[in-house]
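Okay, got some structures for you below.
Across the two complexes that follow, chain A remains constant while its partner is chain B and subsequently chain C.
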Partner chain A sequence: MSDSILRRKGQGRMLEVVLAVVFFTALIIFLIFFFSANQRQSYAKQFEQSKNLQASALAQVILNMPEIRCEVQNCIDIYKFLAFKEGVGSRKIFYSPAFGAYYTRKYAYNITLQVIYPEKGTYTIQSGQGNSSTLFEFPVNVYNATSERYSFAMLSVRVYQ
Partner chain B sequence: MSSGRRADAETQINWIFILAGGAIFLFVIFKFIGVQRSSSELASAAAVRDRLESAILSSLSTSQLYFEDTMNVEDVRVRASCEEGGIFVSEQLGPVDLGPVFCSASLGSDSGNLFFKSVRWGGPISAGSLIFLASDANSYLLVSNPGYDDMISEVEKMLPKDADVERVGELSTILESINERKGKIVRVAYFGEEPSDEQKEELNNIKGVSLVEIQPGQDRMIGEVVFYNKTGDKKAVPYMGYELLTAAILSENAEEYACSANKAFSRMAGILNVTSKRLALIQTSSSDECKVFMGAVIKNIDEVILPNYLSKFKIEETDQTKITGLYGNLTQLASTNNMLERLSCPTVY
Partner chain C sequence: MRRAQAEILGIAIAVVILILVVVIVVGLSSSGPKKPDVVKEVTYSKLAWSFVNAIVSTSYNDGGTIGEALAECGINNDNNVCAAVNNTIETILSASLKKRNEQYSFTAKYGDDTVMSYDKIDSCRNTNYGEVVISTRTGIPLKVGLKICIR
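Up next, the complex of A and B:
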């Protein structure tokens, strides 16, 4: 065999090795990118779920605040709600400790208490507005301390993000 | 000869190409591992944060005085700073502000449990909850004092049930207990007596150990907590109720305790403000007899409690006398509430 044939054969093998390495590298890089994209999607989904969870948490916090809850029974005190509305309107910052995390994350919310039966009335506390919002509605009992009656109502918490 | 050199050169170029490709490949792999690792850490931190927020929600909706939860914080370093905004489960996620939280600054062992406890607070009235956090990395040694047994028992009840708490006696037993807890952050609490100079010197020289001294007033529900630091300086801050007393024992230092306690008092002021406005609304449609008592409550809140005690309240600048005055007025509110209840009038809260 002549030198030139041997050299060409060697170069051919070298080329094969190089091509194989390039192919496998490309394959692994492609797999990594595919996996990362998949993971990114899953994290984005988790983040969205977490945002919804936090919005729902804010709604729960509002529902359970001693500022508006009845002291003993599981209900909303209508006069506390009205007093809170007055207070929170004039001194919004004052209530930041009540909202903790939710306030510092700059959530805005609208709370609407719609008293349905037997008494009627709609009362709203608004802290601001945002681009997107999530609405949570809870059926609640409302206590009127002057008439000493309980009414059925819907408490809607719209959380703006 | 010349064609042989060209072949050598081509072979070398191919090897350089393989090396460069390999380097890029390794870079991508390591980068990928790094990104994966930080993503997984972030996901764990987010899970701990969600768990903490769920615990807060559960504590809000329970009718019990206490709510407890234990959460695993493996691989998550938890640190707390009231001044910086709350609990940090990850620097990337920012602080979780859970309101008045009392705990050691570092709650992290790399693997371990975080003990969560919420306690209703407000003395005679209900003014929200205090949040207590402890971890496997923290220990609390309560120094026995026969005259203060009832007080120590109350504190034991208030501390998270899974936290490492032990009653200790003389200095030798304190040192023995500390030796058994090597690597832990230990808080030693003295009740009703100042630690001796020997005790202060011995304990201050041990890494991770800090001292507090509880100095109750005539009514033990009110008093001062003295925080000692390593340099020998001390700072006294008042407490109101066994809840805040326990909170002080759990706190990192006087500043952190004061910061969180101020949040709790601010919440109390907010609730009293709502209470007064609510009574003003109800008063107009109540009987004359009820009006008298309601008027007295409104006057007490608007003219005494809020302006004299809770306006621009800072516990670190408040003395025991003022806290006693506040507690007395809150007790009066509670007794008026009982009176209104007996008269079948709308109650204060």
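Up next, the complex of A and C:
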């Protein structure tokens, strides 16, 4: 067999090998991109869930604070809440264990109590603002010792990060 | 020789495509959005019960609560009492759940009789239900329930 025929045959086989390598490399790259995009979505969802959990945990902390709650379950005493609103700003270190690590890690929150029925009013405790936030809302009763009434209200906790 | 090689290459490509499809399907089914969001379900479950509990414990007119007014509506079936308490509950739910674009249905049953019912759920895949049972002076329980659509 002549030299040129052998060379051509060899080149053809090399081309086959190169094509196969290119094909499998492209396949692997495609699979890596596909699964990493899938994983990214899954992580984003988990991150969103953990932010919601933080906001709902903070709402539970607030609802169970003896400084503001009344004797009934899921109830806030409006006078205690107003007194707490005045005092919380000047006692940040004292309240930092109650609010988890929100103060120390420079998290900020916004607590709003919107009284809907029969009395009405909106009361807010704010400790700062941020770019992204998670909102958690919870129905509560608000007790007014003067009128001796329990009102329906929504407690909104917005955690900024 | 060439024909045999081409056939082998064809089979190899078919096998590769089959493997690719299987890998994609397995990948999607294992990490897809079908996993139940436990946090959300627990939150909504607690939310539905807390809504009903807060509504029935709210003061109504002079002295009583909305729960007691609902019980009176069930016992006496007085249209005026029922209409007034119905309006109050609708006001509360509109200012809370409806304002936040939540879909819900509210029911109050005195024994087997439906005292109050309204359904604001258009289409919903998954709902969560919370119920509070109130004892009445007749001994027949009043069951107040709220169903909230999980988004």
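The criterion applied here is as follows: the second predicted complex is superposed on the first by the 132 of 161 C-alpha atoms of A that agree within 3 Å, B and C clash if a C-alpha of one lies under 4 Å from a C-alpha of the other, contacts with A are read in each partner's own complex, and residues count from 1 in each chain.
Methods note: a contact is a pair of C-beta atoms (placed from the backbone, for glycine too) under 8 Å apart; a residue touches a chain by one contact, two chains touch by 3 or more.
Keep in mind that what you see is a predicted model, and the values were worked out from it rather than measured.
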Partner chain(s) touched by A:E71 [first = chain B, second = chain C, both, neither]: first
Chain B versus chain C as contact partner of A:Q39, first or second or both or neither: both
First (chain B), second (chain C), both or neither touched by A:L53: both
Greater residue coverage of chain A in the superposed arrangement, chain B or chain C: B
Contacts of A:Y109 with chain B and chain C, given as first, second, both or neither: neither
Residues of chain A that lie at the interface with chain B and also at the interface with chain C: 39, 53, 74
Contacting residues of chain A [partner chain B, same complex]: 3-4, 7, 10-11, 14-15, 17-18, 21-22, 25, 28-29, 32, 36, 39, 43, 46, 50, 53-54, 57, 60-61, 64-67, 71, 74, 77, 79-80, 82-84, 86-87, 91, 94-95, 97-98, 100-101, 103-104, 145-146
In the complex, chain C residues that touch chain A: 16, 20, 23-24, 27-28, 31, 33, 37, 39-40, 43, 47, 50-51, 53-55, 57-60, 65, 88, 91-92, 95-96, 100
Chain B residues within the chain A interface of the complex: 3-4, 7, 10-11, 14, 17-18, 21-22, 24-25, 28-29, 32, 35-36, 39, 43, 46, 50, 53-54, 56-57, 60-61, 63, 85-86, 95-100, 126-128, 263-264, 266-267, 269-271, 273-278, 280-282, 285-286, 346-347, 349
For the chain A and chain C complex, residues of the former touching the latter: 27, 31, 34-35, 38-39, 42, 45, 49, 52-53, 56, 72-75, 116-118, 137-141, 149-154
